[in-house]
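One chain, subunit A, links the two complexes that follow: it is found with subunit B in the first and with subunit C in the second.
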Partner chain A sequence: MGIGSTQPLLSIRNLTVRFGTFTALDNLSFNLDSGKTTAVVGESGSGKSVTALSVMGLVTLGTRAEIDAGEILFERKDGSTIDLLQCTEREMRSIRGNEISMIFQEPLTSLNPVYTTGDQVMESIQLHQGLTRRSAKDKALEMFEMVRIPRAEKVLTDYPHQLSGGMRQRVMIAMALSCDPKLLIADEPTTALDVTIQAQMLGLMKELQDQTGASVMLITHDMGVVAEVADDIVVMRRSKVVETGNVYDIFEKPEANYTRALLASIPRLGSMTGKSEPELFDLVLEANER
Partner chain B sequence: MNSLLDVRELQKVFPLKDGSKVHAVEHVDVEVGHAETLAVVGESGCGKSTLAQLICKLLDADGGSIKLEGKELTGLSTVQMRPHRSKMQMIFQDPFASLDPRRTVGYSVAEPLIIHGLAKKREELRDRVAKLFERVGLLLSHMNQFPHQFSGGQRQRVCIARALALAPKLVIADESVSALDVSVQAQVINLMMELQRDMGLSYLFITHDLAVVERMAHRVAVMYLGQIVEMGSRAHIFENPTHSYTKKLLQAAPIADPRQRKERPLLTGEIPSPRWAAGQSPVRVEHVEIEPGHLVAKE
Partner chain C sequence: MATAHPPSSALEATSAERYQGLRMFMANKAALFGAVLMAIILFVSYILPAIFTDDKFAYAGKRHLAPFSENGPFFGTDYLGRGVGLIVMHGGSTTLEVAGFAALLIVTVGAVVGALAGFYGGIVDRALMKVTEFFQVLPGLLFALVVVALFGASTITIVLAIGIISWPPVARQTRSEFLRQKNLEYVKAARSIGASNARIILRTILPNTLPVLIVQATLTMGAAILFEAGLAFLGLGDPESLSWGYYVGLNRQYFLVNWWGVTFPGFMVFITVLSLSLIGDGIQDAINPKLRGR
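Right after this comes the complex of A and B.
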């Protein structure tokens, strides 16, 4: 990653974030290439979500978190490069939802229950694109159709509780993509969804990425999802980056012991073909980590 | 019939205020043999958790029979049920919510032994709990600690120790490894398989995770809208899936290998609801045995 002459879209350099005495991110560095899907993987508490929140400029909001060091360089829509950590809140607000947007794991808690889905999508369109209510509505409808919400016109007037989990996540994606962001951060976007709905979402996200050229930072613990959609992988453990690389390289020849242990503990669909009895996981690597 | 658990025609309907009904479990037949793992898979609302709760009598069935070692369990009172409870234990999804935060984990594991009067003296109780802790890979020093001092994986080990306290024949595990990190999940699954090998335990394993099922199940039942649409050995289901819904599930499941990427058709379908308007009810599926032990619902 980051190899080649083109400048990365996002470059996190030596980022250290502390919550009191706890170091949540320890000298974190990695790049995100334009138009690619980069999966940030790791187990609970490894710092994946803190990384995402740092990029969004949300990590210090209402928390005890302090950014100790580092920079997050982002190439804006106008071609200029900005350090997100040095932005004013005003600048950040013009970037958030417009140039960098985010979708979360639980769409029900990220949507406002007292506004219709249409109102919520239109809000961000009106705010960032300065459209009138009428043209914002047309744009919202267009977005709903793009994320393949059936009966889109009706769903615009629905409240979040009236929709299924998959539909809510489609609304979130529509909202996130409505301002044509350069970077979409998706924090466990399919974890709360059923497997057939997850498959729909992954297909949809891939297609929308091809259409819009947006980069995706996919935060997940699910290596199955990573194997399906990621171009690059950043493996995190205990606040640090353990390994980065191309998805094929990481799965085929992981270098770090931790990555190897992680891959050894994943059940791979199809790996039991022809075997008559259940089989234990071979967790040797983790037991005697070199 | 030589199976440990034999469930026939099990049914549960939840009436709603507006007169409609949720047919959560419809005429379900399942058997679990000795030292066997039967996995029940399906998506939200397919009735798999209701099925688990009906079998261990946390819910009363509206119809059908549940036989454990040949003894009928439906219709038994709480007191009559007690001797059978020790043969059948449950492990839940969330090990944070299923342990009493104000009790030491040692007490939580000892409690079933106390209730069933299985350890008369203090020392005997302590010894039995210590053995259980050792068996599930916890340290003896953990016994005096409280749930909040443990990680998710350790807590799930405590829950397994508690389930094993009464030396059950059948353990019903409802999404028991779904909330765990993958490396911890693999360790807990290994522990469950070792316990099966060493103690001859049977599992009714409820999950949505097909890759885990492929790893640890002997037989698999696929549920859809309260009914079983396909059931067979692991090889039947994974190597010769026949019902369209089973195929759809397997097609949708991600494979943790980037060389096996699938082209995803852009579907928009939703999971249908098991709720039926007043006066309507689902059509009962008919099964065909397409090879010995492999049942498929007619479509």
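Right after this comes the complex of A and C.
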């Protein structure tokens, strides 16, 4: 991906992150093109979330993590390119939420229970755009309508516990997009939702991306979700990038054994015909051949 | 749901919210009873003394005159022939102020220490917790006795003495709340929209620890009243202002012939502590968004 194209929006180069003696990211490199959805896939513990937190500059916070080497180049709104790993905390704060924002896995707990949803979206807007309360509220309302929250004006004054999981995730998306970021990191945004809401959410994210032109880094272990929305794929395993490429290429002719195993792990309707129990397949063995 | 129609302005939204909180509080019968009790206590301690301005130390009748007797003060007289009712109403403000300021001091110091320790963890946490432990192992009453004996029994020294020995439990509670909350998803979310540490401590986590702090505040206020009464009972009160506890202490040796001298001030202490804990419960429910609007 990104080969021969213009400068990527985000470029991770030789990133190595260690937790004590454990290497969470080992010499990781990949690019993210602007305006595209890049899915970072892999099993639990493969380093997907650590990658996301590194980009946000939150990986060393409250953990023993150390960034050993590498750089994360990001093209800012004003066109300049900076290395996110060299930024001061102050610079990072002005980037977080404003140029790079993030939505989390658990919509049920990622909103603060003591504030109304409106207050929380407005907080992000006021932090970065210096608007008055009045115009921040108008902006929040506009965002709520953009993520298709019905009765948006009413929901502004609702507390999180009054909303369903899908609605809360919409609020989170509204919050994340409120400052018009160039990059949205979505860490398993649909895992905690049921299947119909998942489909809605993915459709919404896709539409919003077309509307705003933001790039999305989608972290997931669900190949079904990847097929649905991704343009590019980065396959990760054991702290390393296994394979990168265009979504069609990877689904058509995966090069790495691990990618093949991962694709084979998607259950297909009717695949159990004539069998009394699910067939075991040795993911570890297959991948180790590589 | 909070309102039937969307509020048309920020003012309407906040007033609707306040109204909901107030309604929640009023619907809680126990809390309402506590509030009425507190109103009576404040009336007795602050309005009545302004009406009955007689010298509380003045001779009001024979010694040990029983309450409700014909030619004496309504609440009887003590061992020196002073009016019990007058002294109790004049002692209220001292008691309440000591309790109020002590609780304020305790909750403020406890919350600040606990928040910093819980939020930053590591060396900050260990250092602050060592300090907390140091104050926790001080023998409370003894330490307070020494402080008051050394620096004299004024309202300020009594407040400081109570404050110094009582903040550690609040700090520990706040710390454990912060430890629990700082790893929750919404704190991560706050960080990811670019909130600073100060903002996360004050705006994101602190409001979520309010229920704990309010319980602590009402409990410590009750405890401070009892502590002040204990100190005063041992003779380390301010003799000028005759707080309720101090007055119980003065009257204790005449208890067998003069039950009213200890009962009336003691009763005031009892209903004050009771009303504070009822009000605390009510406030806790009223600020909980999940219970609002039921």
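A few comments on the model shown:
Here is the rule we use: the second predicted complex is superposed on the first by the 267 of 290 C-alpha atoms of A that agree within 3 Å, B and C clash if a C-alpha of one lies under 4 Å from a C-alpha of the other, contacts with A are read in each partner's own complex, and residues count from 1 in each chain.
By definition in this document, a residue touches a chain if its C-beta (ideal position, glycine included) is under 8 Å from a C-beta of that chain, and two chains touch if they have at least 3 such contacts.
What you see is a predicted model, and the numbers here were worked out from it, not measured in a lab.
Touched residues of subunit A, counted separately for subunit B and subunit C, are more numerous for B. When the shared chain is aligned, no partner comes close enough to touch A:P189: not subunit B, not subunit C.
Look at A:G47: by the touch rule set out above, it reaches neither subunit B nor subunit C.
In the superposed pair of complexes, A:E123 makes contact with subunit C only, with no contact to subunit B.
Look at A:P181: by the touch rule set out above, it reaches neither subunit B nor subunit C. Of the two partner chains, neither subunit B nor subunit C is touched by A:G70. Of the two partner chains placed by superposition, only subunit C is touched by A:K137; subunit B is not. When the two complexes are overlaid on their common chain A, residue A:P8 makes contact with neither subunit B nor subunit C. Remark: subunit A residues 56, 58, 61-62, 92-98, 101-102, 104-106, 109-116, 123-124, 127-128, 133-134, 137, 151, 153-154, 156-159, 161-162, 172, 175-176 touch subunit C in the complex.
Taken in their complex, subunit B has these residues touching subunit A: 37, 43-44, 152, 181-187, 189-190, 193-194, 208-212, 214-218, 234-235, 238-239, 248-262, 264-271.
Interface residues of subunit C, counted against subunit A in their complex, comprise 1-3, 5-7, 10, 13, 16, 121, 182-186, 188-196, 203-204, 207-208, 210, 289-290, 292.
Across the complex, subunit B is touched by residues 43-44, 148-150, 164-167, 194-200, 202-204, 206-207, 221-228, 230, 247-248, 251, 261-274, 276-281, 283, 286 of subunit A.
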